[in-house]
């Protein structure tokens, strides 16, 4: 395992439901084009407010995946 | 849109349920006196422990709203 | 001077022109209701992109003013 | 209350469900050996990805408790 | 207690004597208009120098108080 | 809007003129290959000095764009 | 000296008097169980407010001591 | 030189030997697909422990390269 | 080039005009006594307000130059 | 794996040789009393200078291990 | 005032008494060679422990002074 | 020892070999003009890439030395 090289990208997922769902959405979109994803880290948690209520959450994650070197 | 000026305030909401509910509580109280809120950002997630269990969550958010200039 | 108490607020000004103008806009709006402003500090510089070009700058400043204690 | 001394430790709890459950797991394990816990603060939110989906969340918390001095 | 919402403001107090006195000055001025203050956190410690000696300390604190929701 | 996923990339633009122009240069190059850019954030402002004068500015921006998921 | 290994722990001391006394209280409690303490670093300075006045200071310190390896 | 635009990516290289070797591994893999790399910056140094010993180092680097604009 | 040693100093330049001019002023003063300056990095952007308007900008830069070893 | 709870401690190892050796020394001492260590992260790299030369390196690591819950 | 250029240096003063005295000691030594000092900012507060008690405080300050350009 | 005042300067050393050698080069150059150096702290680790390989490392250190007050 010690010779692998990982790349990380930064995505922001959104969801009307909450933080976990916004992260899942970001990873689901990434999974369409990126293989070998291993971990994520939440780097920012924001959201939009409409009419005095939370309209949706926007959660930014770093996602790490193995480069097929 | 480019001439608007936004102000941000910092509130801490609490909830026995979880992070999303604590943020919703903070925004609900803000909505009583602040209009034109547009976004929030979570800046701190803490909580209190009683009898070895989470008693309530305390989540701090910056909330941005348009100044009616 | 050593007995003064200062309060700081956080505003975001925007401008199609650039950073200095966005800050000036934020301070101009603040000046309508806040007196005795003394300093500002830029804490975030962002902007919006439309059609592949900068549409406007959004610059966040902390502004400090004397509380008339 | 002003003479108490608090110690903080750093634990990482995990959960397949979400952030709140991961924190609750960390505190439940701590409660087996630590008494007089009062507060926690989330310092890092990460997770593992398997087959393009979130496998489990890993949330790091600082936990503060009174030293019985 | 878990339904309270707190607001935090940022003040800078000054004092020729030292850090504790500068914080006390900031809180004393806040107490004239803000009720239900509960905690403070020191976020910056600065000062002015005149004739090669400390003229006064300037200490910035975040102060948290309950919003009467 | 709440189901969009955004990706952010980090570019450094340079300019002999100033900060705004360096950012515009970075975005102009990005626009050749990236569509649906929405925002940028300045993360670093540096520059080179030649013969005791500013030779050019180098400004790093995070640029966010919608993934066409 | 170059083969020593140090461990650091994080304590929060409190005092009605001020910062230095709060730190001294934390170290005095630590000294009951920890030997070979060498240094400390203040990482957070907070406090409680009661009736519009500072009730007590809460100062967090990292304390380093030699592990007897 | 002042009209160049640089892009930075983030990779994590690993090595059983040490930090320099882990960085070299990351750059060697990047060199297979990225041309015109100019600089790197170490942003995180971690590692895995097996049987009470360092199994391998994991070093994260930002790598900057010229966009052929 | 790999044997050079650089020193960095921190200066704050001011200008009634804007950020670029404040940096240029700082570098111009440094150029009177420092040779072989190569780069700068903006570390803080502040300013003074008089009569509700920006009176001057104060921009802090780290400046790096070769030590003639 | 998703139900494990990890604890992290902070140690500083030293070495006359270099960074990797200082980390190895810290982990070797930890291994005498801590089982199930899994990862480390370097959080600070310092050293002592004697007679104008590096006398020894002091490297601080966070070390994570499984709590046997 | 808007054409002044300031330089900042970083000193660490120590004192057996407390934080304010350590800062005053640093400034007193600086005053022997530096003129036109205007401000300071505390950037680190540490100390040494001997026999389970605070032996002395070590407080690091940035000190700003006008360059006579 | 408690009355000493320390000054810190920031240097960047470079080396084709690695991090330790780059730091040693910085300290060796400093030793030509600075006496009574006591400690260093690594604040940044960067490097240059040529032809897809590390050309040299550039490591920035703060170096502390006693002011002969």
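Going in written order, the chains are labelled A, B, C, D, E, F, G, H, I, J, K and L, and every chain counts its residues from 1.
One rule holds in what follows: contacts are C-beta pairs under 8 Å (C-beta built on N, C-alpha and C of every residue); 3 or more make two chains touch, one makes a residue touch a chain.
Computed from a prediction, not measured in an experiment: that's the story for all the values here.
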Compute the shortest path length in steps from chain F to chain J over the network of touching chains. 2
If you check the contacts of chain B and chain D, which chains show up for both? A
When centres are defined as mean Cα positions, the distance from chain D to chain G in whole Å is 22
Distance between the CA centroids of chain A and chain I (whole Å) is 38
So how far apart, in whole Å, are chain E and chain H when each is placed at the average of its C-alpha atoms? 44
Residues of chain C touching at least two other chains: 19, 30, 48
Any two chains that touch count here, so list every such pair. A-B, A-D, A-F, A-H, B-C, B-D, B-E, C-E, C-F, C-I, D-G, D-J, E-G, E-K, F-H, F-I, G-J, G-K, H-J, H-L, I-K, I-L, J-L, K-L
Chain K contact footprint on chain G (complex, rising order): 19-20, 23-24, 27-28, 30-31, 37-42, 63
Per the contact definition, I'd like the list of chain C residues that touch chain F in the complex. 18-19, 44-49, 52-54, 57
Complex interface listing, chain J residues touching chain G: 9-16, 25-26, 29-30, 32, 48, 55-56, 58, 60
Which positions of chain E touch chain B when the two form their complex? 1-8, 62, 64, 67, 69
